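Both complexes below contain subunit A, partnered by subunit B and then by subunit C.
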Partner chain A sequence: MHSFRVFLTIVKHLFRARFEYPGSFISGIIAQWISYGISMVMLFLMIWNFGSLAGWMPFEIIFMYAVWLLSYALGASFTFNLCLSFPQIAINGTLDEAYTRPIPPFLYLLATTYNTGYISHVILTIIALAVSIIQLGISWTALQWLWLLLIIVCGSVINACMMLICDMPAIRTRSESPTGIFFWQVREFTQYPITIYPRAILFVFTAILPFGFVSFYPIQVLLGKADGIMPQLTMWLSPVVAVLLVGVTMLCWKYLSREYESAGT
Partner chain B sequence: MSGIFLQEVDDMTEEALGTEPVAFQVNKFCLADQNADLHIMPYMPLFEGVFKLPTQLNLMLNALNLYCIIISKGIQQFATYRTNIFARIVSALFMLGARYALWIALFATGNAGGTTLTETMTYFVIMDILMVWTTSNLGERIGSDIQSGDISLALIRPMTYHFQLLSGSHSGAVIHTLTGSLPILIVASVFIGILPPVSTGAFAVFILSAVLGGIIYIFIDLIISYTAFWLMDYWYIGWYKRALFTLFGGTALPLWFYPEWLRNISSVLPFQLALFTPLEVYLGRIYGADILFTLGMQAIWIVLLFSIERFIWSRAQNKIVVQGG
Partner chain C sequence: MLQIELSNVIKDYKIRDRQDGRSGFSEFLRPLYKSQRAVDDISFTIQKGEMVGYIGPNGAGKSTTIKLLTGILTPTSGTVQVFDCDPCKNRINNSLKMGVVFGQRSQMIWDLPVRDTFDMFRVMYRIKPQDFSRQRDMLIDMLDMSDFLKQAVRQLSLGQRMRANLALCFLHQPQVVYLDEPTIGLDVLVKDKIRDFLKKINKEQNTTILLTTHDTQDIEEVAQRLMLIDKGKLLFDGGQTDFHDKYKDTEYILEVVFVQPTSPIVHTNFRLQSHKGHKHSYKIPYAQMSKGDAISYVASRYSVADIRVRESSLEDILKKMYER
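This part shows the complex of A and B:
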C-alpha cells in the first residue's frame, strides 16, 4: 500500500512537471491528435472506398481501432518510456538507482518513466468511441458495457506486458532488442480484422504477439460477429491472456534481476 | 583547421559508443577517423602536394569523402548487431505479407473502381523504397542537437550543419534499403509480381521526379523542424510532418482512393509532389505533356520552399540558446 502511494505521488509530480511547460505540453497533445485523427480518417476512407472489410463496416472498424488505440495508450503510458530507456538503464545507472529505493525497483522504474503525453490518445479515442457507438446505433446491456470496460483494461495489460517482454532483452544486450523491432513494426497490422491474414500470420497474432485479444476477438462479442475461423471461446479469452502475460513478464523480470550486473556507473 | 578539435572528439568517442543515437555517433566518428586506425577512404590531403587542385573542386572532393566516411561508419556500426539485421528483414517481409493480405481482402469486395491489386501493391513497394531515401527525421536530430547543446559543436565543424544532417540521414537510408526495402522488392517481385515501369523513358522521368520529390520533402522537413529553435522541445515535430504527408501526400493511401474534395485540396499543396507524383509517373498514370507540367510544378515548389527555408534559417541561427550543453 505504501509503495502504491509513492507510485501515485511520483506520477502526480510528473504531471505537474509537464504542466510547467504548458506550451510544449499542449503542442505535443495537438500533434498527436492531428496525427492519430488523420490515421483514423485514412482508415475510414480506405474501408469506405471498398464498402467493407471482411464484413466489417467502416464505423465498426473505427470502433475497433478506438478500442485498440485506447488499450495501447493506457498500457504504453506506463511502459513506453521505460522500454525506450532499457538499452541505457544498465549503463547510466538508473537501474542501480532503482534497486536502492524503498519501493520495489520495478514499480519505481514504472513510476519515474510514466509518459504523461498519452493523455492525448485517451481523449481522442474516447471521442472516437462515442462517435462510432452513436453511428452504429448501439444499445447494450449493463453487462456488455462492463465487458467493454474489462477488455480495455485487459488490452492495456496485454499491450504493456508485450512491450516489456519484447524490449526487456535490451537491458542485457544494451542495444535495441530484435524482438522489440518486430513488436513495433507488426503491431499496427492488428488494427484490422485479423482473420483477413493467412493462417500463419493469424497464428502469430493469436499465440506469439497476442494482439488479437486486445480488440478483434473480444469485440466480436459486442458487435455480434463471428469470424468462423477461430472457436467461439476465443472471444472470451482476453482476461486469461492478460493474466498469463503478467505472469510471464514477472518471470522475465525476475530472471533479468538475478542475472543483472551493474556497469559500475 | 579540423585538427584542433580532432583530439577532443576522439576522446569523446569511446564514451559516446553505445549511448547515443546512431546518426550522431557517426558524425563524431568521421572526425575522429584520421586519428584512429579506421581508414576507409583515402583522405584528400594525399593528393594535394601532387596536383594543384582548384579550391572549389578540392572542397567538393573533400565533402564527398566525408559523405562516404559517414555512410560507411553508419553501416559498420549497424552491422555489429547481427540479430537486429535479421529481425528487421523478418519484420519487413512479415509486413509485406500482412499488407498484401489486407489489400486482397479489400479488393475481394469488388468495389475497387479503376485500379488493380497489382497496381496498388506496386505503389506500396516502390513507395517504401522512395520513403527510405526521401523521408528524413531532421526534426528529431535538430531538436536533440539543440537540447543537448551539440548544435554548437556541429555549427563550428568544417562542414555545414545541413551537410552533416543529410549524410547522417543517408547513412540510415542505406541500412534501411539493405534490411527493408530491398528484401521487400525482391520477394514482392517473385511472389506477388509487381509492375515494372511502363517504359524506359517513364523510368528516367520517374528517377528525376523522385529526386526532385526528395528535395521537396527535405525542405518541408527542414521548415517544420526549425520550429525547434523557438519551441525548445522537439519530440512532436515529426508528428506534424508525418500527419501532413499522410493526409495530403498519399503515404498511407494512394490519392486515387480519396474523395474528390480532398484530392483537390491535396493537388494545390506541395506534399503530394514529394512521393505520390513520382509514383504516378512510374505507374504510367501521368504521361505525355502532363509530365512536363508535373516536373515544372516540382521545380516551382523547390524554388519557393528553398527561399522560405533560407529565410527561416537566417532567423533561426540567431535564436540558438545553448542550455549549458
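This part shows the complex of A and C:
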C-alpha cells in the first residue's frame, strides 16, 4: 500500500513537471491525435468499402482497435521510457538510485520513468470507444461492462509485460535488445481480427506472443462472436495470460538484476 | 553502539580481457573475461555517531565499499552487516535508516522546485508531518536554502543543487549517511557551509557519517577517524593524529628570518638547508628536538623578524603514499 502511494506521488509530480512546458505538452497530444486519428479513419473507410473483415463490421473493428490502442497506451505509459533506458540503466547509476530507495527497486523505476505523453492516446481511444459503442447500439449488462474494464486492465498488463520482456535483454547487451522487434513490429499485426492470417500465425499470436489476448479474443465475449477455430474458452483467458506474463517478467528482472549485483558498474 | 561491520569482504568485478594479438573477429566470437579485485579482504567496524573520512586515490575501491554498504552490490565473499542485517537482503529497511549522496548525481525532479522533491521524499520515507516540517525547516536554515527553494532544480547552481541533495538525504533523519565526494567541484564558501553543516548535524542528531573525498581539508575539518584504502586494501584505520604520527616525515623544517645578516646556527640538531642573507632554513628531527624547543632556542639567542615551522601536511603525506 505504501509503495502504491509513493508510486502515485511520483507520477503526480511527473505530470506537474510536464505541465511546466505547456506548449510542448499540448502540441505532443495534438500530434498523436492526428497520427492515430488518421489511422483510425483509414481503417474505418477501408473496412466500410469492403463491407466487413473476417466477419467483423466497420464499427466492430474500430471498437477492437480502440481497445487495442488503449491497452497499449496504458501499458506503455509505465514501460516505454523504462525500456528506452534499459541499455544505460546499469551504467549511469539509475539502478543504484533505485536500490537505495525504500520501495521495491523495479516499482521505483516504473514510477520515475512514467511517460505522461500517453494521456493523448487515452483521450483519443476513449472517444473512439464511446463512438463505436453508440454506433453498435450496444446494451450490455453490468457484468459485461465490468468485463470491458477487466480486459482493458489485462490488455495493458499484457502489453507492458511483453514490452518489458522483449526489451529487457538490453540491460545485458547495453545496446538495442535483440528481441525488441517482437514487440514493436510484430504487435502491429494484432490490430485486426487475427483470424485473417494463416493458422500458423494465429498460433503464434495465441501461444508465443499472446497479443491476441489484448483485444481480439476477449472482445468476442462482448460482441457475441465466435472465431470457429479456437475453443470457446480461449476468449476468457486474458486474465490468466496477464498473470502468467507478470510472473515471466518478474523472473526476467530477477535474473538480470542478479547479474548486475555481481557484475557492478 | 555498533552500526556497521565488515569482515573479510572481497569484491571482484568481471571485466573484459582484451589481449594483444587477438583479432577483432575472435573478440566478437569469443570475448574473454577476467576478474578484477576492487575490494580486497577489508574488515572494519563503525560505531554510532562516528565521522569517518574514507580516502584513497581514484579507483582504490571507495565507491565499491559504499555500494556494498548501501546494499547495491553483494560481496564476492565475506560479510557486510549494517544495523545487524545484510543490507542486500533487507534493502527497504536499510534504506529507511540510511541516506546516501553519490557525488554530483542529482536525486531531484529536474523541472520542479526543490520543495516538490521534499514532498516526494516525505511520502517515500513515511515521514510524520510534524517531524517533516521540523526537520525540513532545520535543514533549510542550516544549509541556507531559503532563497532558492521555489526555483526549478534545472536553474540551480552546482553548489545549490549539492546543498539541496544533502538536505534530502538527511530529511528522514537517517542513522547513517554515506557521502561519496560531497564537495567535488564546489567553491570554498559552499565547501565551508557543507563542512559546518556536517559537523553540526553529527553533533545534534548523532548521525554516523562516512564520507569519501579527495579534498584533504574536508578530512582535516570533518573526520575524526580516517580510513585509507588503496588497490582495494585498507592501509590505515585510526584517528587523524595517529595517522600523522605514523606517516609524517621524521623531520620538520624551521624557517627563520633574522633582523640582520647572520652566520648559520651551529647546533647538532640543526641541519642547514639553505641560507640567503637574512633568511635561513633548517631541518630538525622530531625525535631530537621538539618544535617549541627549537623556536625558543633560536629566539633566545638571535634577534628574529619571523619564524615559521613547516611540516608535512595531510596532502603531502597522501601524495607520497599514492606515489608508492
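Convention: the second predicted complex is superposed on the first by the 260 of 265 C-alpha atoms of A that agree within 3 Å, B and C clash if a C-alpha of one lies under 4 Å from a C-alpha of the other, contacts with A are read in each partner's own complex, and residues count from 1 in each chain.
As a convention for this text, a contact is a pair of C-beta atoms (placed from the backbone, for glycine too) under 8 Å apart; a residue touches a chain by one contact, two chains touch by 3 or more.
Model, not experiment: these values are computed from the prediction.
Peer 1: Aligned on subunit A, subunit B and subunit C: do they clash or fit?
Peer 2: They fit: once the shared chain is superposed, the two partners occupy separate space.
Peer 1: Taking the superposition as given, does A:T9 touch the first partner, subunit B, the second, subunit C, both, or neither?
Peer 2: The second partner, subunit C, only.
Peer 1: Which partner does A:D96 contact after superposing on A: first (subunit B), second (subunit C), both, neither?
Peer 2: second
Peer 1: Between subunit B (first) and subunit C (second), which, if any, makes contact with A:P22: first, second, both or neither?
Peer 2: Neither subunit B nor subunit C is touched by A:P22.
Peer 1: Applying the document's definition of touch, where does A:G228 land relative to subunit B and subunit C: first, second, both, or neither?
Peer 2: So A:G228 meets neither subunit B nor subunit C here.
Peer 1: Taking the superposition as given, does A:G137 touch the first partner, subunit B, the second, subunit C, both, or neither?
Peer 2: neither
Peer 1: Spot which of subunit B and subunit C makes contact with more residues of subunit A, would you?
Peer 2: Touching more of subunit A: B.
Peer 1: Touch check for A:I201: first (subunit B), second (subunit C), both, or neither?
Peer 2: A:I201 contacts subunit B only, not subunit C.
Peer 1: Looking at the superposed set of three chains, what is the minimum CA distance between subunit B and subunit C in Å?
Peer 2: Subunit B and subunit C, overlaid via chain A, are at closest 8 Å apart by C-alpha.
Peer 1: Of all the subunit A residues, which ones make contact with subunit B and with subunit C?
Peer 2: Correct list for subunit A: 21.
Peer 1: Flag every residue of subunit A that touches subunit B in the complex, lowest number first.
Peer 2: 21, 23-24, 27-28, 31-32, 34-35, 38-39, 41-42, 45-47, 49-54, 87-88, 91-92, 174-176, 178-179, 181-182, 185-186, 189, 192, 196-198, 201, 204
Peer 1: Taking the touch rule as given, give the residues of subunit B at its contact with subunit A in the complex, in rising order.
Peer 2: For subunit B paired with subunit A, touching residues are 18-19, 81, 83-84, 86-88, 90-92, 94-95, 97-99, 101-102, 104-107, 109, 111-113, 231-233, 235-237, 239-240, 242-243, 246-247, 252-253, 257-259, 262.
Peer 1: Would you tell me which residues of subunit C are touching subunit A in their complex?
Peer 2: Those residues of subunit C that touch subunit A are 11, 13-14, 38, 64, 67, 70-74, 76, 88, 91-92, 95-96, 98, 100, 102, 105, 107, 109-112, 116-117, 119-120, 123-126, 152.
Peer 1: Under the touch definition given earlier, write down the residues of subunit A that touch subunit C in their complex.
Peer 2: Subunit A reaches subunit C through residues 2, 5-6, 9-10, 13-14, 16-18, 20-21, 93, 95-97, 99-105, 261-264.
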